[in-house]
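Each of the two complexes below includes chain A, the first together with chain B, the second together with chain C.
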Partner chain A sequence: MKIVGISACPAGLAHTPMAAKALEKAGKKLGYDVKMEQQGSMGQVNAITPEEAKEADLVIIASDQKIMDMERFANKKVIRVDINICIKAPEAVLQKCVAAVNK
Partner chain B sequence: MLKEEYIFFDEDLATKEDALKFISHQAANLGLTDNEIGLLGDFQKREEEFSTGLQGGFAIPHAKSDYAKKAAILYVSSKHELEGWETLDETAVTHLFALIVPKTSAGEEHLMMISKLATSLLEDEFKDNLKSISDKEQLKEYILKNMEEN
Partner chain C sequence: MKDFFKEAKGHLMTGIGYMLPLIIGASLVVAIPKIIGLCMGITSLDPYAEGTGFLHILKLIENVGWTGIGLINTVLAGFIAYSIADKPAIGAGFIGGAIASNTQAGFLGAVIAAFIAGYTVRWAKKHIHLPESMNSMMPLVICPFIATGLVAIIMGAILADPLAWINNSLVAWLKEMSTSGTSQLIMAIILGAMIASDMGGPINKSAWLAGNALLAENIYQPNVFINCAICIPPLAYAIATVIRKNRFSESFREAGKGNWVMGFIGITEGAIPFTLVKPQVLVPINMLGGAVGAAVCSILGAKGDIPPVGGIYGFVSITNGWAYLAGIAAGAVLIAVLATLAVDFNQQSEESSEEIDMDEIEISFEDIK
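Now for the complex of A and B:
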């Protein structure tokens, strides 16, 4: 299972990198290939390339903000989640999203 | 960005509001802002968007502010559990990192360090170690080491 995603928060300072790292770590633990792009105060960090976007089985948007370059994910299954939940319970977030895609 | 003078232990604070006022006041004392009230307003505004309470008793109030003169991190531990600070795990806040960042000229390096600090706070070991260190110089070194490493 290849999962890509984007995290973004109002200030882009702290929650953005925290959610990205939490999900990547949870992915490693659960055996999913997770890459998270951060759209924060440093601009786009760890950007998802068009190829990676194309190969992804699932796109997770951890944000209630406006996200740049969503065109990459045209025709992809995109799930929006609360950024705080991603920090608090990243494994549960991944499991739920994967379950939703497999349905 | 982090100095021994930016570290405060066992402060007599009771609420989130107390803590934000304390941080803003100390920022003015330390010459990090010329406008304590303005900086406080920016911290409060950020908290209204959503709470910066994390897990394990930590919070990271932050302000990207026109009133910040330079990027700085303040560390504060409170004698009391801070009331009114919503967290992700319902543990009351007792320790906090206040991140003060100028709106316009933050500097990539500082933002990177803040990012590393924030992600370090996902680790229980980091939080436990912070709570157990009672020497300011040692704490400063430990935090800086973590911000440069992972």
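Now for the complex of A and C:
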């Protein structure tokens, strides 16, 4: 399963990379191919390319904020989830999202 | 309705996210000439507005910073509107924010103007349908025109006076509170405890949001306490890993090094992994440290005369910067001592991801056109 996603928080310093790393790590453990883009204070870091967006089975947006370039994910299954919970329980978040998509 | 507020908060946060770099850049450009002036024994550069010479140049540079600070409402409103309805809303948002500054409708006015601009554009995109051939008119002409027109009518004519009155009363009350001794101390204690409570969670963010909102109103004092308290928890655990090495496992000692940096630039989240070892004990200790640090800051007389910059180096932007540093040090040392007395960090973290119930995780699907 290919999962891409974007994390973003207001100041863009701490939660953004923490959530991205947590989800990527959890993905590795669960056997999903997870790539997270960070939209923090540095702008876009580790950006999802249009090709990667096209191949993804699932898009996770770990933020309640404005995300740039959402057009990439047109016609994709896009899930929004709270960024804090992604840091606390990344594996559970991935499992829940995957289950929701497979339903 | 609940969804609307949740969404509105997201837009507000986005606006503040874009506003922060502006404030930080502008404040430092105000602060540095002031400090150079202070080093030369001059407390205010205002008398050098006219004339020539080095001090006049410093004053000119300081003025540029103030221009930036004057843009806060404008930028805030512009990017809230952008967050709601993308490019076509930005212009109306900027205009609304600038009008809010001009009519003294302030932060409140800027936010209202931004929501008018944003939601008008969103409404227009959905409900106004033009013939195919004229489609390009929508984002370029129709949406900006309707949104700006509505902002002009509501913010310029109808709400200008009432909002200015509300805003001015509010500002007067908050200014009073942040200048007088006892109420300022209480404010410091509450903000300090809130910031250090859940480190980046909802309580911390509400205090932080309030502080940043007040920056747009030229009320800088609360942010002095907030910035002070933000540095305390990560710095505290960095200090703790050095003074009580044997209480920490190898990986925590490693994390402690990172916390020096987190403390220095002001990221409370650095303390999270430490706090999670025994939150029921460490959260109260953190809150106590944040409150005491901010209180020390207040008692020793750290003052925000220009928008304060976060992090330990932020002391340059604070009048009596040493008091700010003393507050941070006091809070951090207090936590470092109490935390290592109460908790042995060699044990494993109690909270793991398994403990979170799947049902607690809220997810929602989103449609991308």
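Heads up, the rule we're going with is that the second predicted complex is superposed on the first by the 103 of 103 C-alpha atoms of A that agree within 3 Å, B and C clash if a C-alpha of one lies under 4 Å from a C-alpha of the other, contacts with A are read in each partner's own complex, and residues count from 1 in each chain.
To be clear about the criterion, a residue touches a chain if its C-beta (ideal position, glycine included) is under 8 Å from a C-beta of that chain, and two chains touch if they have at least 3 such contacts.
Keep in mind that what you see is a predicted model, and the values were worked out from it rather than measured.
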item	value
Partners on chain A (chain B, chain C) - clash or fit	clash
Winner by number of chain A residues touched, once chain B and chain C are compared	C
First (chain B), second (chain C), both or neither touched by A:42	first
Touching partner for A:21 - first (chain B), second (chain C), both, neither	first
First, second, both or neither for A:71, with chain B first and chain C second	second
Which of chain B and chain C A:92 touches, first, second, both or neither	second
Which of chain B and chain C A:55 touches, first, second, both or neither	neither
Colliding region between chain B and chain C, picked from 1-9, 163-171 or 271-279 after the shared-chain fit	271-279
Common ground on chain A, meaning residues reached by chain C in one complex and by chain B in the other	10-11, 13-15, 18, 41, 84, 87-88
Chain A to chain C touching residues, read off their complex	10-15, 18, 26, 41, 61, 63-66, 70-71, 73-82, 84-85, 87-93, 95-97, 100
Residue ranges of chain B touching chain A (in the complex, touch as defined)	46, 49-50, 52, 54-55, 60, 62-64, 88-89, 99, 101, 106, 108, 111-112, 114-116, 118-119, 121-122
Interfacial residue positions of chain C with respect to chain A in the complex	6-7, 9-11, 13-14, 16-17, 20-21, 82-83, 200-201, 205, 262, 265, 267-270, 272, 351, 353, 356, 358, 360-369
List of chain A residues in touch with chain B within their complex	10-11, 13-18, 21-22, 25, 38, 40-42, 45, 84, 87-88
